[in-house]
Amino acid sequence: MKIEIRDQPFDPWQELSSYQQTGSTAASSYGATALFVGTMRDFNEGDRVHGMTLEHYPGMTEKHLEAICHNAIDRCNLLDALVIHRVGPIEPGEPIVLVAVWSAHRAAAFDACRLIMDDLKSRAPFWKKEELDEGKVRWVDHNT
Amino acid sequence: MKIEIRDQPFDPWQELSSYQQTGSTAASSYGATALFVGTMRDFNEGDRVHGMTLEHYPGMTEKHLEAICHNAIDRCNLLDALVIHRVGPIEPGEPIVLVAVWSAHRAAAFDACRLIMDDLKSRAPFWKKEELDEGKVRWVDHNT
Amino acid sequence: MSITIRLFASLREQLGTECCQAEPDAVSNVEEAWRAVAGDSPQGENVLVAVNMEYVKPGAAVKDGDEVAFFPPVTGG
Amino acid sequence: MSITIRLFASLREQLGTECCQAEPDAVSNVEEAWRAVAGDSPQGENVLVAVNMEYVKPGAAVKDGDEVAFFPPVTGG
């Protein structure tokens, strides 16, 4: 399992390639990999968004992401999980979050990936501040 | 949208990287990417599996995968979809199938990826023949 | 022209053939296509049938130039 | 020792501070921690509270050495 908070852009496919090469899961035993990548959009609630800053609560973030992953591993019988989440300034088009899970079975992998994303969105202490037209800024006030 | 039948091993992360670089989806508009990779396991129904051959119905396979993707694009309001499926001889640990979808929203992406995989498993004309211990072979008789 | 009948996977191995042509005079539906390729062998409950690469129900009509395929439950993915 | 009180995101900006220390004599629960940092400003319905990085309910106890954090609904992912 790997949980990582990043303050620099990352390439999800490169990260997955590197992570799998570490041999953290035996390639011939997992069967199913499900994953989700959340990317910064240039539009939100009808407004053009030029950039974003992601604030977090260092320490609590890692602790809760670990708890969220352990919960999914136990409930869905996962073999492994990887979460990478950006913080700091982010440009439109850049990945914000990557969640990948490995399991022997397809249904468990889908369920676990969704469970981790839902828990992360509702419980992990991250906050987004958007930069709009004419230098206006706005805190995103709820997650969808 | 891209549908491809492959008779050679492929690296899903490399495929995704290449596909996104074609600019098939505008990087800053999609928001959510969900994907599934099915990998050949070295065990099935209690038996060691040394290798496998995937047979398909050329023509019908592509036609049904396209219909399955168009259905998911319409129902889940997807921006794009990519399906790569192996045929021919396959070794344990090698990817068999990659399904990736791009959407503005997370729920739609998860739903669509699962829908495509479920439809593919139940309707796309592929058949697996497993190589077991002592040179025995066995057709897989149903999908789970 | 004629009707093309194709078999896949375990069905192809059981019947020992993968493709045959049938005269349209002798084959007007999928049951007759099955008999043309399999003789008296029962079709089996789980066998799927496609005409021109679309799934069809038992009893579906077959006409000259059609391709009829019989195969076991699919196991891709 | 003392009690550490932290604020994040919009709440940090509204109250104009991100961290303060309070005396354990004056703060025995999260409501008292809020007043120590925000005075009479109402806490607001949606504010989340964590003690030592675990979510707690309103009225939760606070003891010497604890870290209490107040923040708006989370918007990660």
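So that you can tell them apart, the chains are marked A, B, C and D in the order they are listed, and the count of residues begins at 1 in each.
What we mean here is this: contacts are C-beta pairs under 8 Å (C-beta built on N, C-alpha and C of every residue); 3 or more make two chains touch, one makes a residue touch a chain.
This one's a predicted model, so the numbers in the text were calculated from it and none came from an experiment.
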> What chain groups remain joined by touching if subunit B is not counted?
Replying inline: A, D | C
> Taking each chain's centre as the mean of its CA atoms, how far is subunit A from subunit D in angstrom?
Replying inline: 26
> With chain centres defined as C-alpha means, what is the inter-centre distance between subunit A and subunit C in Å?
Replying inline: 48
> Distance-wise, how many Å sit between the C-alpha centres of subunit C and subunit D, to the nearest whole number?
Replying inline: 72
> On subunit C, where are the residues touching two or more other chains?
Replying inline: 77
>> Please output the residue numbers of subunit B that touch at least 2 other chains, ranges allowed.
In response: 38, 106, 117, 121
> Which chains touch, pair by pair?
Replying inline: A-B, A-D, B-C
> Which residues of subunit A touch subunit B in their complex?
Replying inline: 11, 13-14, 16-17, 20, 27-43, 92-93, 104-106, 109-110, 113-114, 117, 121, 144
> Which positions of subunit D touch subunit A when the two form their complex?
Replying inline: 6, 8-10, 13, 50, 53, 55, 69, 71-77
> In their complex, what parts of subunit A are in touch with subunit D?
Replying inline: 38, 54-57, 59-60, 63-64, 85, 96-97, 117, 120-129, 139-143
